[in-house]
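Note that the chains are named A, B and C in the order they appear, and that numbering of residues resets to 1 at the start of each chain.
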Amino acid sequence: MSIPNGHQRRPRILFAVTGSVAAVKGPEIAVRLVKELGFDVRILLTHGGENFWNADDEWKEWQKLGDPVLHINLRDWADLLLVAPLSAHTLAKISNGLCDDTLSCVLRAWDYGHGLRPGKPLLLAPAMNTAMWEHPLTKLQLQTIQGFWNTADTTSRRQQLSSSSTYNDDESSSNDNNTVHIISPQVKNLACGEIGNGALASVDEILKVCRSHAHKR
Amino acid sequence: MSIPNGHQRRPRILFAVTGSVAAVKGPEIAVRLVKELGFDVRILLTHGGENFWNADDEWKEWQKLGDPVLHINLRDWADLLLVAPLSAHTLAKISNGLCDDTLSCVLRAWDYGHGLRPGKPLLLAPAMNTAMWEHPLTKLQLQTIQGFWNTADTTSRRQQLSSSSTYNDDESSSNDNNTVHIISPQVKNLACGEIGNGALASVDEILKVCRSHAHKR
Amino acid sequence: MSIPNGHQRRPRILFAVTGSVAAVKGPEIAVRLVKELGFDVRILLTHGGENFWNADDEWKEWQKLGDPVLHINLRDWADLLLVAPLSAHTLAKISNGLCDDTLSCVLRAWDYGHGLRPGKPLLLAPAMNTAMWEHPLTKLQLQTIQGFWNTADTTSRRQQLSSSSTYNDDESSSNDNNTVHIISPQVKNLACGEIGNGALASVDEILKVCRSHAHKR
């Protein structure tokens, strides 16, 4: 998919789609990432994202020591990772370190700027039913993932989390020291018939955030 | 299943059964909920509950934006939710926000009284091997779920949890401000041949708790 | 597999293998446990460990109340449990109490010395990509599991965890009061082509730890 361009190459985005109803926006996002932003795009679907592409398939392709490991290759290939929509279930898996499919394995091995490797932006666009969004675990788990960033010392991270009683999506996510960026959902008529917060951010908003992180590289 | 009754309708209970050996009590509980308590009952089985009724099946029924979403419909339909038996695995999933089957999706979207929607009772009847019951995570996770109730401020919830060194099932579960009700297991000869705590509460006890929460509506 | 030996019997080890690339070392470890250490060995593979042996299979063998329950039987049979390699995913499951396969059910019902039953050693040999190993959750989850040991009071356990800012694998794991023993990974050329920490400990090291815990019985 990558087109050589003199000495430069296009920014690479791994675009993951999970099992939220908002997955219907996937094709539009993918096309615009290529056409409007000039990204080199690879797409990763969870089981819930309707195509099964899991760790089992990885094992099928892997025959012997020395063969490439897909989730590690994808992580190395990508300059940034966008998960849009991010389902409640995959959110819970990432924040707890569970990794039973390729996306969650990529995220378990993601470069959060810990250890010796430089960090890479992770852009999360949650989309879910309003009651799911307002469930107390949602914010806690988004904060936990933001706390993965650049923290050798997990204790101070935990203290930080438990002392911040207010959670302001936009402020914390635009913080330059924290490149886990939450693309907040919007208030809308949801697919389940309710009106409330939890709808996927607009495609324009998602593309704006991708563009800004492409420039930061 | 619902029989119109003048202006009133019967209280609706969503009765979920998970993969504990105590699932053999399911039919008795269901029949008595209808006959003795006059409930309108819907039954939901996890994979471990021996019938697979998961989010995949939900997606099969769902064709386009505007179609009903099963786990949201069940949540809206129910006046209360009884999980009996509640397995250790489903307990861990609820307390961590994981939602890969219909029951766990219903619970992720449950009305705990947070946000703007009024809360609905959630009745949990754990049943497991004694060592599983005595594992330190069991109480911690039951407390975490009780803490979901009506907590906009997740920080104060966490502080509450970590400062309460003693856990008294019966006191905390009969607290009127907290409508996640734990129906404590009993000491018995367990299916695995041990004698100890962890057996499903008696059917009489389960029905008593369901009746008391039907009246509270 | 057990050979009667006068009045004594051989120490029994349940040897579990999860879906890390280091699973290729499994046969060597198994053979040497028998030949060099005289263990009576039973082997348990997770799905990732390439043979599926999960709770569903357990249910197939289980017909009626009174039948043996496999994960309880294995726990009762074993004198100690070795998980080598321990994958990041199974680590996350154990530390969160998730139990959707036989190994995680054995671990959910393990005798950690809590309640009235005496504890049995649990030996964990993690093996994973360097970035996975350095992810802040890895140490936190290993500490959480060590904290299961002999803790009636979960609050003091949590306080302990959050106040220990440094984590020294070897010191904490050789502590006699704590028989969850972490067999630390080593720095090596990993299967994914990186050089770093996260490779399975040497088989010699694994056998040394098994031997020392066989003697402690």
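As a working rule, contacts are C-beta pairs under 8 Å (C-beta built on N, C-alpha and C of every residue); 3 or more make two chains touch, one makes a residue touch a chain.
The structure presented is a predicted model; accordingly, all values stated were derived computationally and were not measured.
Colleague: If each hop has to land on a touching chain, what is the smallest number of hops from chain A to chain C?
Modeller: 1
Colleague: Count the residue numbers both chain A and chain B use at their shared interface, divide by all numbers used there, and answer same if that is over half, different if under half.
Modeller: Different residues, largely: of all residue numbers at this interface, under half are found in both copies.
Colleague: How far is the middle of chain A from the middle of chain B, if each middle is the mean of its Cα atoms, in Å?
Modeller: Whole-Å distance between the two chain centres: 31.
Colleague: Which positions in chain C touch two or more other chains at once?
Modeller: Each of 96, 98 in chain C touches at least two other chains.
Colleague: Quick one: which bits of chain B touch chain A in the complex? Just the residue numbers, please.
Modeller: Contact set of chain B toward chain A: 55-56, 59, 65-66, 68-69, 72, 75, 96-100, 108-112, 114-115, 117, 147-148, 151-159.
Colleague: Once bound in the complex, which stretches of chain A touch chain B?
Modeller: 19, 21, 24, 47-48, 50, 88-89, 91-93, 96, 98, 129-132, 134-141, 162-165, 191-194, 196
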